[in-house]
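Take a look at the structure set out below.
Letters are used for the chains, namely A, B, C and D, taken in the order the chains are written, and counting of residues starts over at 1 for each.
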Amino acid sequence: MSTMSIISYQEAARQAVAEEMRRDKRVWALGEDLGRGGVFGQYKGLVEEFGPERIADTPISEATIMGASVGAALVGTRPVVEMRFADFALCAVDEMVNQAAKARFMFGGQARVPMVIRQPSGMWRSSAAQHSQSLEAWYTHIPGLVVAAPYTPADNKGLLKSAIRCDDPVIYIEHKANWDLEGEVPDDDDYLVPLGPARLAREGADITLVTWSKMVGEAEQAALLAAEQGIDIEIIDLRTLWPWDQEMVFASVAKTKRLMVVHEAVQVGGFGAEIAATVAEHMAHVLVAPIRRLGAPRAPISYAKPLEDLLRITPEKIVALASEQMAV
Amino acid sequence: MSRQATSTDGHNIDRDRLVDLYRTMRRIRAFEEAAEKASITGQVGGAVHLSIGQEAIAAGVCANLRQTDQITTTHRGHGHCIAKGTDPGAMMLELFGKEGGTCGGKGGSMHIADFEVGMLGANGVVAAGLPIAVGAAHGAKLMGEDRVVVCFFGDGAINRGPFMEALNWATVFKLSVLFVCEQNGFASTTHSDAVTGGGGANARAESLGLEAHTVDGNDVAAVDALVADLIPRIRGGSGPMFLSANTYRLKGHTSMDPALYRDQDQAAAQWDVDPLIRAADELRRLGLADSDLAAIDSAATGEMSRVSEAADAADTPALEHAFADIQDVGAPVWEAQS
Amino acid sequence: MSTMSIISYQEAARQAVAEEMRRDKRVWALGEDLGRGGVFGQYKGLVEEFGPERIADTPISEATIMGASVGAALVGTRPVVEMRFADFALCAVDEMVNQAAKARFMFGGQARVPMVIRQPSGMWRSSAAQHSQSLEAWYTHIPGLVVAAPYTPADNKGLLKSAIRCDDPVIYIEHKANWDLEGEVPDDDDYLVPLGPARLAREGADITLVTWSKMVGEAEQAALLAAEQGIDIEIIDLRTLWPWDQEMVFASVAKTKRLMVVHEAVQVGGFGAEIAATVAEHMAHVLVAPIRRLGAPRAPISYAKPLEDLLRITPEKIVALASEQMAV
Amino acid sequence: MSRQATSTDGHNIDRDRLVDLYRTMRRIRAFEEAAEKASITGQVGGAVHLSIGQEAIAAGVCANLRQTDQITTTHRGHGHCIAKGTDPGAMMLELFGKEGGTCGGKGGSMHIADFEVGMLGANGVVAAGLPIAVGAAHGAKLMGEDRVVVCFFGDGAINRGPFMEALNWATVFKLSVLFVCEQNGFASTTHSDAVTGGGGANARAESLGLEAHTVDGNDVAAVDALVADLIPRIRGGSGPMFLSANTYRLKGHTSMDPALYRDQDQAAAQWDVDPLIRAADELRRLGLADSDLAAIDSAATGEMSRVSEAADAADTPALEHAFADIQDVGAPVWEAQS
């Protein structure tokens, strides 16, 4: 039986990397400033245990951090690539999309590209337009990529370990505002959360709310508020966006007959559209209210806090939409 | 690095000019000290990267530019903005995220821009300013204007691909760009040297066909003298040039960074070769009275504490600005959002 | 009254660039090999008329082609940026997304970024995984960008001219298999197709089919086949994806009560999801059949023709889906 | 370029070795002539970039590699593949998009790979192979293997940012990479010189800390001799090195390109310094009989016309392969698609 500890989201990820590095000599991590623990401290202490070869400080060369990782993965190592901010991964898109995602297929299965691409995402402390983006939807659109976006510390441990063990490139999205979030996490060295299945974060009868990453927290708060109005929200924390757990979502919608999708990313072209469209295609007959999406307006993220806040998904906005849905 | 002697002696700098340069540096310093404070108190919400210790480069370079000349800068760009003529009041409002900020509070420290004085923008992405600067110069060439564009960036930025691409481009199209590399020893928490192969910035620049210079970037008179020589040549059609300015980042990477990863004695010693101290020493040598120096200092401190207070008191931007200036067609409509 | 000529999609674009360059000295074009007419001949003859400064041959430096264009746009010129293949634009994503799209906003409206980013897209002659992608959905997700994807030669002239006159960055997607497509195009130097409104490509009573780019042609063929089965398809050629013509789509769906969205891009996370989701949110009550999307499977594009063909949207697939929808 | 004398004389090359190199070159030539033909007839559907005239580089470099050594190449990589040991039969099947192709027909000419012989992949994106090669060498270092990785690319690729990043990376991590720049004068329809600033590839490499060499890339013995010297040093831990090989692209950019944009007389003259002609002349000088040469030539031509015929006759891949090897979780299911 596995014991549990209460640790932070960040510590959970740190443990995941450390455990996998102990377990498998081929695993290594690279990125800027990792030797001092990484920009958010998520690599703290690792260079002391594993040395600077396996916790590698790199030049500011995102394209080559990514491209070299592809090469290193092709020859059998398993790089954990730190992109620091998801926004900077935009300096390495050819390497992610044209190389990492396609090499296995283009080469007819001769080689694998086992790499994890960590992309801390989302709004965090007035970071403005170039340091706040949530671009997970992009990666769901690219064949060859797995996409994960955990919310709980336990998932950040178990999914990151699964991602490191995965033989395909995984876009691994941690939320920057989640680093300090604490929760129960199994101590077990082999605690894995499989890539794919969602997590039922809250059972409810009236509305199925599908979300991921930090928005799970907002949804949970919203559910409490909604409960006061007699609305019982079921929350599905998708945690893996590709593949996503259609089965759990469909089963829930079959029960609640209502669907809401909530994400921090821009609503237009967000991954919520995929979920909404899929449910509309397959479950229109059971729905008693129109599907609702809640994402950010299609605006760059403002620096000034009140303007930035305008773009945030809040529990209040979720509840408002929930009541609207129940009113139909 | 050991303590360096001031090398201003050789430059025969005019005292009045040095006073102006000193004043610019002091205003930058005062601005950043105020910004640092406001960052620590939380009045400024976003990341603040201080150029404390690097002011001589901003001052010495920009003193040689016309208002119509243009610059691009980085996350560590307050000094360049002030030296180019951006109003510190508007800058501080921007840092505070307030109405009247250079960008209406929508950009913050890392996105300050002031097109009226040729400040084409700070940038949150390392090395992203290089292609933009080159493009601004390309535009000038196409329009037949004799503007010079100065592109500031750090020693960490030279390892990103766009650095090479931009320098090559400037050579190929013979553009009027001065690239200024601020060699402050660090890229965030990493020693720049540890991740930089070969002969460094100037060797790379020369291999790409640029005339490359090195200057003591803590010696404002030396920077001024050298740049005074380079800018007219660039304006005259020499093509792009490169300048490495050696300096030291006296503070951490951001205002929140205690910078414990570096040798603390060495870091402390760098305060002795602070460009402000060196310029003040030189001014004294040139006969400026201590009281005159003190007057400059207190004017600067006063100005910046006023702009800081004003910024604190100012209004936040009207909410609808969150949806303004996105794009002409297809932007979200404020009324529909509110 | 404007006269018409029958010209190709490629010639239409060439005329658009030439006319706008004559009209406005600030317009220029840059990219690899433009001096020899560009890789598809779409710049043929332009260097002879405008000289090598305004039809600029560049180094193979996509990041700087894009970034320099941002700088040149910020100071008042109007670059037409040739990316050659949409896939190569992935070497310049920071410059497109973090810089071009955000500068106007981040700088508080002080400056504009009038640039057109031409991205020839889509499957063309066994070009395999790195030369065949359709990534328009990505750009619809990015605030600050306009996205256009014309199908007819007339639209390729009129939209490209509008894009060049637009003060914001426009992602301009031409289909590589369309260059030789001929059609009537107004000779008028001021023939503009506004960014935004869709084009009703075919009137029909039974199903609203929304599509764009080369798939309009497949849809038109499908409509003929479907007509034989008594199914009357209305085709909306979106031509601008952002902003898209919600009004025309909604009006058509209100009439036909059925919606199909068809695109060549991967279906998962494609722009079809956005349209489907939007209609599901707002028009669920009028629909008599579930919405259907038809896009490519989430697979890299194979080189071998029969495998490549598997990924194509064909008139037959469209008709099959249409009959299915009518059967509900 | 004027006609160059063969410089093999100085290399005291063993005749048997030169015969082997000649045979490799001739096989590459014959493969590409067959591919060109199949491209023109439409049997090969995708773009075909011929390295005709550049074979000496592939042959001379790869002759010095072990099977466990690795290479990456570009859109113009047939020669490198054959020289590294990839079966031309599988390659031709790949070009034809047939079952049994190196990549099962899913990649085509621009994505040939053969991991068993250390051929880590061609690439459709210019310069994308450089970071990958560097990463392969980084992997070898981490795993304590003494492999050398050779990275082939063109003179146009040196203007893309990843070129600089990859070279810097190789220096910083002291990786066992040999970068080979094929200076064939063109980047598609553009003269490479016209868009390349400064001293070119070697100057850039040196500025990044790499030892850089130049060789007559049409002289297979010279290439062989130089690389024979470099590879053991690299394997011994010297760190990365750079080699510019001067050559000429005798054909157009693709098999469909008549290359009318270049001086036709100059282009024609280049056929006289074709590396095959030069090697054949040298072999005759070393006493090889014309009949022996002819035998090598006809063996190569025969081999490649057989692989071409076999490819034509082969089956197309099973359709379900379009959905195989995408990813372990979340790939489309063939049954659901068909």
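Keep in mind that, in the parts below, a contact is a pair of C-beta atoms (placed from the backbone, for glycine too) under 8 Å apart; a residue touches a chain by one contact, two chains touch by 3 or more.
Just so you know, these numbers come straight off a predicted model, no measurement behind them.
Participant: Considering only mean CA positions as chain centres, point out the chain farthest from chain A.
Facilitator: Between chain A and the rest, the longest centre separation is with D.
Participant: Pick the pair with more C-beta contacts: C-D or B-C?
Facilitator: Higher contact count goes to B-C.
Participant: Using the average of all C-alpha atoms in each chain as its centre, how far is it in Å between chain C and chain D?
Facilitator: Each chain reduced to its C-alpha mean, chain C and chain D end up 36 Å apart.
Participant: In angstrom, rounded to a whole number, how far apart do the mean CA points of chain B and chain C lie?
Facilitator: 40
Participant: Using mean CA coordinates as chain centres, what's the chain A-chain C distance in Å?
Facilitator: Spacing between the chain centres: roughly 30 Å.
Participant: Report, in whole Å, the distance between the mean C-alpha point of chain B and the mean C-alpha point of chain D.
Facilitator: Once rounded, the distance between the two centres reads 46 Å.
Participant: If a residue has to touch 2 or more other chains to count, which residues of chain D qualify?
Facilitator: 101, 103, 105-107, 111, 123-125, 159-162, 165, 168-169, 172, 194-196, 321, 326, 330-331
Participant: Got the chain A residues that touch at least 2 other chains?
Facilitator: Counting only residues that touch two or more other chains, chain A contributes 58-59, 61, 63-64, 87-88, 91, 94, 98, 105-106, 128-130, 143-144, 242, 298-300.
Participant: Quick one: which bits of chain A touch chain C in the complex? Just the residue numbers, please.
Facilitator: Contacts found on chain A: 87-88, 90-91, 93-94, 97-98, 101-102, 105-106, 128-130, 135, 137-138, 140-144, 242, 265-266, 268-274, 276-277, 279-282, 284-285, 287, 290-293, 298-300.
Participant: Report the residues of chain D in contact with chain C in the complex, numbered from low to high.
Facilitator: Those residues of chain D that touch chain C are 45-47, 94, 97-98, 101, 103, 105-108, 110-111, 123-127, 156-157, 159-161, 187-190, 194-196, 261, 316-317, 319, 321-323, 326, 330-332, 337.
Participant: Applying the document's contact rule, which stretches of chain D touch chain B when the two form their complex?
Facilitator: It comes out as residues 159-165, 167-172, 194-199, 203-204, 206-210.
Participant: Considering the complex alone, what residue numbers of chain D touch chain A?
Facilitator: Answer in residue numbers: 70, 72, 101-107, 111, 113-115, 120-121, 123-125, 128, 130-143, 161-162, 165-166, 168-169, 172-173, 321, 324-331.
Participant: Sort out for me which residues of chain A touch chain D in the complex.
Facilitator: The touching residues are 26, 28, 53-54, 56, 58-59, 61, 63-64, 66-77, 94-95, 98-99, 103-111, 143-146, 166-168, 195-196, 242-243.
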